[in-house]
Every structure is written in structure tokens, then in C-alpha cells.
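Have a look at the structure below, then the notes.
By written order: A, B, C and D. Residues from 1 in each chain.
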Amino acid sequence: MARRLKSRVQAALEGQDPQLGRAVAVLVYGAILASALVITLQSLRDLPGWAVALLRGAELTLLAIFVAEYAARLWSAPSRWRYALSFWGIVDLLAILPALLLLAPHSQTLRVLRLMRIFRLLKLFRMRRALMRLEHALDKAREDLLLFLLLAAIVLFLAAVGIHHFEKDAQPDSFGTIPNALWWALATLTTVGYGDVYPVTVAGKIFTALTLMVGLGIVAIPAGIIASALLNAPARPDETEASGDDPDTRQPKTNNTERE
Amino acid sequence: MARRLKSRVQAALEGQDPQLGRAVAVLVYGAILASALVITLQSLRDLPGWAVALLRGAELTLLAIFVAEYAARLWSAPSRWRYALSFWGIVDLLAILPALLLLAPHSQTLRVLRLMRIFRLLKLFRMRRALMRLEHALDKAREDLLLFLLLAAIVLFLAAVGIHHFEKDAQPDSFGTIPNALWWALATLTTVGYGDVYPVTVAGKIFTALTLMVGLGIVAIPAGIIASALLNAPARPDETEASGDDPDTRQPKTNNTERE
Amino acid sequence: MARRLKSRVQAALEGQDPQLGRAVAVLVYGAILASALVITLQSLRDLPGWAVALLRGAELTLLAIFVAEYAARLWSAPSRWRYALSFWGIVDLLAILPALLLLAPHSQTLRVLRLMRIFRLLKLFRMRRALMRLEHALDKAREDLLLFLLLAAIVLFLAAVGIHHFEKDAQPDSFGTIPNALWWALATLTTVGYGDVYPVTVAGKIFTALTLMVGLGIVAIPAGIIASALLNAPARPDETEASGDDPDTRQPKTNNTERE
Amino acid sequence: MARRLKSRVQAALEGQDPQLGRAVAVLVYGAILASALVITLQSLRDLPGWAVALLRGAELTLLAIFVAEYAARLWSAPSRWRYALSFWGIVDLLAILPALLLLAPHSQTLRVLRLMRIFRLLKLFRMRRALMRLEHALDKAREDLLLFLLLAAIVLFLAAVGIHHFEKDAQPDSFGTIPNALWWALATLTTVGYGDVYPVTVAGKIFTALTLMVGLGIVAIPAGIIASALLNAPARPDETEASGDDPDTRQPKTNNTERE
């Protein structure tokens, strides 16, 4: 009896209940979006008193929804500890921590934790297959990506040391220390180029040209690797989709309700 | 009789009339380009009186051409409602709305609607096959693109929340609210980097580095996905080209004049 | 007799003469590089008198080399008119025009014509095969590239019209006319982002976000298309290399010295 | 006996010693990272006296480790000259030069040489296969990359000459000479766009638009080429991995300890 109820709660949370349909899932995912909106609006300054009160009320309501959802997920999970210690279980717990720790409900830092729930959006109904393909592509290209991450770190560091060497006398404020120069290297090699710092000496400019010639590709290549790997990833249409997305909470095949 | 005339009008609009050849189609597409030019010139300031009058005259002439074209297309369409409610039918109608609503012929906002016609250029003679391949590629990569759009939105939002947290005390004007911080996140993750806002605190700069490391790829990958999908898309040379580009107005095969 | 001499002159110009070897070709290509260097140095200000005179002498010497090379190529070409009217023949002629028009030897504009010769460097010995693959890839992806060029032009124009609409009251100097706004659109969609102009109104910033979401890919995709096409292009190792690179001046197979 | 000891020293340096395990390799690679950290910290200004002394001590300790490592590698190498003259042998020697030349231990320029060792990180245990694939991909795409490097150089130069021509009167400080204009061309075509220099004349802006249309791809394509080549590169799992990474110091198969 309880088991059937658990199954129904799970199905409802996933938007697969025969009667409730997607209502519960829409509420849950809508609450995440609403939470992001509330945090955004609360950051505005000079809000009138009624708006502050309204946002405070919305915040508490959303927290209540998150607490209820966490309780429902925990109670209905085939293995409670497994869910509690899974990636999404911890995210869900962190998200409601500000409510549990009633001592500091206004703490900005704690409230931001709630935003981690936003990644749950990725588990929405139609994203699953694409997300699996992305995981597969990242997995396939992991070695290449690690190599380019290391290469990028090395190039960033050497670029910073080099520009520090050439520009530290001309611009001691911007390039006087290597950490300062790293900020320039980051903005330059990612081609963001804010323009708050840039070389002014001839040697520094020539060094920048050489650095860009080498470094531009190193920063741009990983995106190309992932894009190519994605296209080549097999679609793997059906059987993997049912059980493959959340290995931490995966259950034996006989009980296939835990598909969160 | 009327039916044959309709077929000829359609063929003429598509540049396939045996006698008129491409003359009508060139006029129609030329009018779109001229319309863009007129709007551009009208935006210039301190124009002499004769130029303003000339541009006004050109605008009215072009509007007349658009009205005539819309009437011809509507009259000659195999199914008038189908054309009127198709994507291109609505675009064509919106484009001549300023002429029909003679009450407000100068309204900037309404006039800009006419620019939607510019997308008609994509239907020019030699673009069709490439456009079809693009549609096919977008269709094939739709799930991946949706995933990255969602990922990009999440990363933009989290980047804004984070930089707001680190910089709001140092630069209350630029990072004091999350919407303000979103502007920075957009300019940074797209690597536009105007340089109107940038972090100045050490924590903000480190956060920027981490954000770029993750976010750069997320924004750059979709372009790579489309490019790869395009190259792998089959050419599908002949039979699809004849009927595949405009499903809304597609007719039964026996009447193949509606190929607009 | 004259025919054998012509063949030798041709071979020498291509660096294939059995005795002279690459000497002549190195001289010719070296003169192009030297010409670029001379133009660069001549742009420097406050040069001492002797340097100006030296550069003037170098310029005249290089012009003499170019005139001699043009004469040799013209004389030795199997079909003189064919060479004179080929792409490279016209480039070579334009390059020495300032020398032939002794009336205005200092004209900056004319002198810059000489720089067109710099593209001859692409015909250097080991570049040929890669250049052919690039031509092949561009040819294969021509339709897609044209489509994206048109799409990019449309998006640039609509972005300019839109930002003009939203920002013209707040920043009449930067966004007051559509041509001005086009400059912003160019700098933004290419992600160069100089930072000389950027939107300041909320509506303008939201419009920028939407524009970037659509436009970023449109500008970035063509590079991906060419890169993918290049990788997939066949190598076509030997027989095409010998005769395929310059169809304008290609000769019958019996006389295979015109391989320039 | 000495031979077995040599083998063990080599194995220890590579983290393959049965008893010491990875301890020695971790120490060696850790010393490289520590060296980068020390150089970074030493660049900070206004350090207290004890910190300067501490960093000085750390620097000397690290130098001692590098000297010891170089000695161990040299002594244990199957062929000492081969190692001493190999790429990594020279890097290792340069890295300890400041210690050997006790005359100028503080020279910034010499100390930076030590940073070359940072590339040794690329030889870390799990990077090897990816690095080999990268080498293979670069090798395969070498001709295309060379072509685009040359094309990029030509486009950069012509862009600089062009913008110099159009902007030199309006902005003599930024575009007065071609080398100055080259700095603009670099920042623009890489899309870094610092914003320290940008065209202001109408002709200059139109020229920038044309340049970007052509040049953007030329700079962006090489990254795409490498990414595509990487994905298509075969994995070549086992036998090449054992001996293929460092041809300069490769030994006969019977003695497979020199796998550095």
C-alpha cells in the first residue's frame, strides 16, 4: 500500500502521474524559476516597503515548497540514504538549508545556495537525451579537454610572466605583479578585451602578438572538440534513456519508478 | 482562364515567367533592398528639404509596390486563406500595414515592421538549397541547441548572481543589482567585452576567471554544432527542393505553381 | 632556340632551373617581402634624411626588379595575352604601375597597389596543395557561405535599426543614425567590442542580449564550415597539383613549363 | 649493478618504482608548480622582510631539487649525450642555469628560463596519449595551418596598411605609422578589441567592416582545423604510447627504461 503511494508520489514529481499529470512537476520546476526571479528582484535597491514584504513572503512560500518537495522525494525514494547522498539529494538539501537554519534566514551567501537547484532544470522532460549525449561527448573527449585545460593554464601563466616582464616599468599599477598580469592574460586570451589594461610598450605589444598567435587556438579549441564530439556521439535512443541519467540513485530494474 | 492567369502571375512573381523572365522578381526583391536603403537614409539628420521629400516619395512608391505585390499574391494563391495565414503572408501583410493604416504613416515603430520583408531575400533563387540544408541541420541538432541555450541561460544567471555578490560593494553602480550584473555577464561570456563594466576586486576577478573557463565553451559550442551539422547534412538535390521549403502554403502536387 | 630559352626563363622564375636552382624565385619572393618592409618603414615619421634616401633607393630598386620580372614573365609566357589578362598578370602589372607612370611616383594610393603582389607569396612552393584544398573546400561550401553572408548582412542591418530605435534619444551621437548604429552592430556581433559605443538604456541592453543570442552564431558559423570542409576535402596528391592551380594561364600538356 | 641502479633511478623519476611508487615523480612535478608559485609571489610588492627571505629560501631549495634531478637524469640516461642534447635535456639545463651561474642568481631574465620546465607538466602520466593525438593532428593539418598562418600575416599587414591610409590624418598618434596600425589590426582581427585604438572616420569604419568580413574567418579557422583533426585522429592505444613520445632520447627496444 505504502509502496504504491510512494510510486505515485514519485510519478507525480516526475510529471508522469495518470491523474495529476504534469501539474506537480510544473509546480516544482516553476518554483525554481520563481526562486531565481525573487532573488533577482530582491537585489534591486530602493524597493517600496510593500514590495520587500511581498518578496519576503514569496521567498518563504518557495522555501516551503522546496522543503515539502525534499521531504516527498526522501520519503518516496526506494533507498533513502542513496537519494540523500546522491548529487541531486545534496543539492536539494543545500537549497533548503536557509529554511532549516532559521537562525540566519537573511544571509545572502546561504540564500545563493538555493540557486544550485537551477541545474535541476536540465533534467526537464525533453533535455534528457541531449544531456546524455553531452555527457557521452565529454567523456569521449575528456583526455583532449584535460590536455587543453592544462595547456591553457600554462599559456596563461607564461603570458602573465612575460607581459609582467615587459610592462612592469611602464605600467606598475596594471602589470606590476604577476597576479595583476594574469588578469590581463585572461581578458586577452579569451578575447574578452575589456580594455581596462593593455600593453603600451613596443616590446609588450610584440609579445602580445606572439602570445595571441599561440594562445588563441588553445583557448578556442576545446569548444570545437566538444561540438565535434557531440555530432559524432550516437543517439542511443531508448533503453539507455530510461535508466542512464542518474547512476547514483538508480534502482534495480524491477522498480523503475526512480527515474528522477 | 483565370486559372491560367493566376499561374502566370505566380510564375512572374517567382521570376519563372517565360516572357517577363526575372523582371518582376527583380523588381520585388529590389524594392525590399530599396526600402532598407530609404529607412537608413531617413534616419540621417539635417537632411535638406528636397531630400526629405524625395525619400518620402520613394517610401510611398515602395509601399505601393508592396501593396500591389500583396494583392497579386493573395489573388493568385491557390488557397487565399492559406497564404494569408502562412508565415510569409503575415510578414507581407505587416509590411504594408503602415500604408493601410493611413492614420499614422510616419510612425517609426510601424515602419520598422516593413523590414521583416528583408527575410524574403533568403528565398532568392540560389539560396533555397542552402536554406533547406540549414533547416535540416537545425532540426537535427535541435535538442543539443536547446540544451546549450538553457545551459547558457543558467550560466549567465549564475555568473550575474556571483559577480553581484563579489562586486556590489566596490562598484554599486555597475554591479549593485542582479539585472545590472547580467549586462556584465552577457558582455563577458560572449567575449564582446565593451569595457564599460568589469570587476575590480580580487575576488571578482578570480570569479570571472572561473566563469570564463566554464562559460566560454557553452556560448561558443552551438556555432560549432550547427557548422558540423551543416557539413554532414545530405544535399537532397532535386525532388525535395521543389516542394519542401514552405510547408504552410504547399499545395497538392497537381498544382505546382505555388513554390514561392 | 627562343623556345628553349623561354622554358628556361620560366623554370628559373619558378625555382626549377637545373643550374640557377631557386635563386631567381627566392629573389622574386624576397623582393615582395622587402617591398612590404620598405612601405612599413616609409610610414615611420621623423626619419633622418639618409634613411629616407636609402628607402627611396630601395623602393626604386625593387620596382626595377618587378618591372624586369613582369617583362620576363610576359616574354616567356606561351601565350602573352593570356598571361597579361590573367589574374596574376594584372596583379603584376598594377604592382609596377607607379614605375610606369613616372609622373606620380610618390602617390601613396598607387604605391599601395604594389602590395597586391603580396598574395603571390601564397603560390610559394609548399603552399600549393593546401591552397588547392582551401579552394576545393570553399567551392564545396559556397552555397552555405553565401547564405550565411546574406544572413549576417540582414542581422547586422536589423540590429542597427533596432538599437537606433532604442538608443537614439539617450545617445544621439552614437546611435542617432542607422549608419552610426551599424558601426555598433559590427563591433558587437563580431565580438570585437571596442567599447567606444554601447547601449545604456535598459531596452537597448535587452535588445543587445537578444541580438547576440541570434547573431553570434551567424557570424561564427562560416569559420566552422570552412574548417570542417577543409578536413573533409580529399588530398588529391599529384596529378592535379601540376596543372590545377592557375586555370587562366594553363597551357596544353605538351608545354608544361607554365606552372606559375 | 650500476645498470640496475640506473634503471631504478629512471623508474623512480617516472613514478614507476615498485617501492617508492610515485613519490619521486610527485616531488619533481610538485617542485615545478612550487617554482611557478614562488616566482608569482616574488613579483608582489611591499612584501615583509621575512616573506622575502622565505621565498629566497624556497627558490634555492627548488633550484637544488632541479640540479639534483638533472644530475640523476643525466647519470641514469642510457646515452648521456643524447639526453643532454634532447629537447627536454636542454630545457632542464636552462632551468638550472641560474644556479650554475652563481654570479647572477637574481637576474629576472635568467630566472624566467626556469619556467620552461613548466612544459614538463604536459608529460604527466595521463596526458601522454592526448598529447600524441595532438601531435598527430597538428602533423596532419600542418599544411593547412601553415597556409592560414601565412594568410593571417598577409591580412594583418594589408589591414594595417589600409587603416593607416584612412585614419592617419584623423588620428596621427594611433594610426600614424604602419607598425602602430598593426597593433590595431591585431586587436581587431583577433576580436580582442581593447578599445585603446579604433577608427573614427567613415572610410576607416567601412574598411574595418570589410576587413572583419574577410579576416575574422582566417583567424578563427585554424582552431577549427585542429579541433576537427583531433577528433578524427586515431587513438593508437598501446605500442606507440610506449616509445613514441620522445624520439630524441628513444632507445633500442631491449632497454625500455628511458620512457621519460
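Worth pointing out:
The rule is simple: a residue touches a chain if its C-beta (ideal position, glycine included) is under 8 Å from a C-beta of that chain, and two chains touch if they have at least 3 such contacts.
Which chain is which protein? Per UniProt: A, B, C, D = Voltage-gated potassium channel.
Just so it is clear, the model here is predicted, and its values are computed rather than measured.
Two copies of one sequence, subunit A and subunit B, touch each other mainly through non-matching residues, since under half of the numbers at the interface are common to both.
For A-D, the equivalent interface among the listed pairs A-B, B-D or A-C is A-B, as over half of the contact pairs agree by residue number. Note: the chain lying farthest from subunit D is B, by mean C-alpha position. Here the spacing of subunit A and subunit C, counted between their Cα centres, is 44 Å.
For the pair subunit C and subunit D, the distance between mean C-alpha positions equals 31 Å.
Of all residues in subunit D, those that touch two or more other chains are 179, 191-195, 220, 222-224, 227-228. Residue ranges on subunit D touching subunit A, taken from their complex, read 36, 39-40, 43-45, 108-109, 112, 115, 118-119, 121-122, 124, 126-127, 129-131, 133-134, 149, 179, 182-183, 186-187, 190-196, 219-220, 222-224, 226-228, 230-231.
Of all residues in subunit D, only 191, 193-195, 224, 227 touch subunit B in the complex they form.
Residue ranges on subunit A touching subunit D, taken from their complex, read 141, 143-144, 146-147, 150-151, 154, 157-158, 161-162, 164-165, 176-179, 188, 191-195, 198, 202, 205, 208-209, 212-213, 216-217, 220-221, 223-225, 227-229, 232.
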